[in-house]
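Report on one structure; see the data block that follows.
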Amino acid sequence: MIFAGCDVGSLTAKAVIMEEDSIVSSSLIRVRPRPEQSAKEAMDIALSKAELSLEDINYCVSTGYGREMIPFANSNISELSCHGRGAHWVIPSIRTVIDIGGQDCKAIRVDERGNMLNFAMNDKCSAGTGRFLEIMAKTLGVDLDKLGPLAVTSKTPVDVINVCSVFIQFEVMCMISEGKNRSDMAAGIARAMADRLNTIVKKVGVEEDVAVTGGVAKNVAVVNNLKEVLGVEILEFKEIDPQIIGALGAALFAKERS
Amino acid sequence: MIGMGCDVGTSATKIIIMKDGTMAGYDITPIKDRPDQVVEKSINKVLSKTGISLSDIECCGATGWGTKFLSFDHTEENLIKCLSKGVHWAVPTARTVIDIGGLSSTAINVNEKGKSMEYRINDKCASGSGRFLEMVAGALELKVEDMGSLSLSAKERVHITSQCAVFGESEVIAHVNAGREVADIVAGVTYSVGLGLSTLIKRLGVQKDCVTTGGVAKNVAVVKALEENIGVEVKVPHLDPQIIGAIGAALCAQERLKV
Amino acid sequence: MKEGKERELLNRWKTTVESGKFVLGARTQALPDESIEILGMIQPDLTDTILQPKNRRVALAQCDSLSEYIDFVNKKLDERKKVAYYYFCMSPEIMLALDLLPICYELLGGISAGNYIHGCEDGIDRIESEGYPDHLCATQKGPSGYLLMGLAPKPDVLVKPAWGCDPSNRMYEWASVTFDAPLITFEVPYYFNERAFRFFVGEVKRMIEQLEKISGNSLDEEKLREYVKIGNQAMEYLLKIQELRKEVPCPDPAWHRPTDSAFSLLMGRPEAVSYFKTVYEDAKKRVEKGESIIPEGKKEIRCAWGYAWQGFSLPFFNWLEEEHGATYLECVLTYFPPFTGLVDTTSIDTMIEGLAWRWFCWPMSRQSASFSDVWVNDFVRICEDFKADCLILGGHKACKHFWALNKLLSDAVKEEVGIPTLRFEQDIFDARFTPVSELKRIMNTFFATL
């Protein structure tokens, strides 16, 4: 039996196709202006990778920001549950998931079966979300995926004082004009990001094992700082892209519901 | 007495020269990068406009975050005190001042002597700041100066839900993609800025006359939205509202000399 | 003495105050090896503050007093006395007379907040991860977390006057359920008048009946008189010091405000007397000699704090004096109106009524009673009597009571006294909400506008 999960976020859309207990294919794209367009494109790519067609899918669950607008989904589930379930399936010892999305960040506590126990979310303020890092990368004049590697080379991270993305952007602009080292600024930004995330994580408390999902999980500097700030180890998803965890969770729910 | 006042803000640098109690001349220059160079250029512009030379300046008061870029002798003046004094000089009946700057906004209650009795600052969050308007202007490829009048021509104001300036910018782009009229979108943005500011002021308590200062005070739509939400007429000083802080800085510096 | 984790907080504090004594040159014995870890926890600028000549005598009195109180608590724990936790708006004479071991619930967090770099953050985080939101009062959160972590003795009974503060009322309920300890709540009337007070006395008597059952002792007049007399001594000094703060310049250092609140909660114990006596003597001497607590050349800025000291940085108050010449005249958390007076020790009835009256007038309780007029009028009067130059309202983020009337208060003072006001938010036990660096920034800006 074949199941699918589709996660339409604010910046990226992801699809995962599973056959019984294995992942057959997945996709990750930048969103289109409308959620149903993003979902279709993501799903088409995953289907073509798996050499399948939409009719082959027994059940599909959608999640994420645009989840209610996906015509080919049989049902939709909140991304909180999907991230929790998906992360737990990959690493069953996980009890806390920190999902850092494009325009929000969440801390999710799960039980030993991957069911959500508690959560805290920020979707009002851009500091602590993927957008913040996008803005900072642009300000520093580097590609987003180079921000992490740039930061880890720093020995003396700058101290970021502000908490608002726009204010921090201004702070960084001033530092640039003062001739501060780019990797030091990138490191300071990573620390600021971890501090902002901590205010959300604290609300649910940390229980090990902990994992990070979403695109920002690939920023090694942010993850290192998060480890320091929270005082715990953070497990990596070795073979699976942390950005597709939500879609994976949706696919798992699809299996359950079929 | 010839005094200089400098207000080096996050969006622009404002320099004024006062001579014997009246305004001799001023300059406003936006800061994009290299604030140190902008400050120097701006000062030179004022000096040449007024025909006064640096050696004639008896005192200089400076305020704002960027005072460190001034290369000559000056006194550091507290921005709230500068705004209070500056508004009192420009509009002696003022009892509430609302300064809307590049990144931060301040609301002040002053007494009949121009002394600050209480104030509230928003310098943590860029929602409702001049920078937010600049971001939207950039996204819509407009000039910031045109946003006010464009708002007034709107047919149906778009409702902007985000508090955050960054998310607000994304929301604006989404509305453009959905085919909404630019004027309607801009009207929604200026309204949300005015609405956000009104919260700051209401927490302080409005007393008439209410006067607004800062670059954003030149946006007629924001001022209108502010008025609507606080229920009190909001006056904009006749001279450029953006230079009020700098005037106050000059007055503070002059006061020190008298002591 | 050091048995079990439940003595952990007590042990930490004991080591802390003993090292304070060491630093002040009052202890010659070497500190035990375990001290190293504790020493690393103490705020470095706290050491600087207590070493300042103007602060040394009182700092030593605090260390001595707290050390003795900890010894007393340990002794009573060894004797297996029942532990009675009480709210920070009453004094423990009755509980002492009933041979209970009284510990103020909020001090479990407060003492840690005032001494350590990370305050009582671990306690706060622990209870918050149980689902308690960050906007509930940290004065109960720190202690509740510590009790959950088993770092303080378990309650055998909890005593809570139900003043209009829902967060604290609910947290005491939580503690009662979690630790299976009876909760004695006494009803507090809405108004602040004679009829209300009569009702309150009745409630205090009901509390005594319940405590007698739990302790297995009846309230003995002689025993009570012994404790009340000691309590009166501390109260007498406190009221005199309050009067002295009306002098210009103010002779009583600002950092005493939080510790005044702490030691008044020990009224009935000799430790409170020695603390207040030292504070009084220092202040009196300064007035007699014309000495000032602010640096020479600085103009005194006399501040009335309508809300409130924060407990996580005592050095911050010292900084106010040293940096700005700002003195701290009075605080809603320390102000006893002069008519509070002393307890009449004639009979058991006069003593019960006298204690009830003191608790009725207790800082914060009194201001939370009735309409806003009590708080507002108190502070208009304080600003006038103490000749304040400004009113500072550092509202505790969890205190809805304060925030509901904050503007009434600042407007009234502006209109009737004509002085500027500062309003800002902070958490009185959690430094992370408005850190010291931010507090300093706020003060720097405000004082520059005066």
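Should a chain be cited, it is by its letter among A, B and C, assigned in written order, with residues numbered from 1 in that chain.
Rule of thumb we're sticking to: contacts are C-beta pairs under 8 Å (C-beta built on N, C-alpha and C of every residue); 3 or more make two chains touch, one makes a residue touch a chain.
Just so you know, these numbers come straight off a predicted model, no measurement behind them.
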item	value
Top chain pair, ranked by how many C-beta pairs fall in contact	A-B
Most central chain, Cα average position	C
Whole-Å gap separating chain B and chain C, where each centre is the average of the chain's CA atoms	43
Inter-chain centre distance, chain A versus chain B - centres from mean C-alpha coordinates, in Å	39
Contacts with 2+ other chains: residues of chain B	none
Contact footprint of chain C on chain A as seen in their complex	118, 202-206
Chain A - residues contacting chain B, complex	10, 33, 103, 124-126, 131-132, 135, 162-167, 170, 173-174, 176-177
In the complex with chain B, residue positions of chain C that touch it	407, 410-411, 414, 418, 420-423, 445, 448-449
Touching residues (chain side chain B, partner chain C) in the complex	78, 80-81, 84, 109, 111, 115-121, 203, 205
Chain A partner contacts - residues on chain B that touch it in the complex	10, 33-36, 103, 123-126, 129, 131-132, 135, 162-167, 170, 174, 177-178
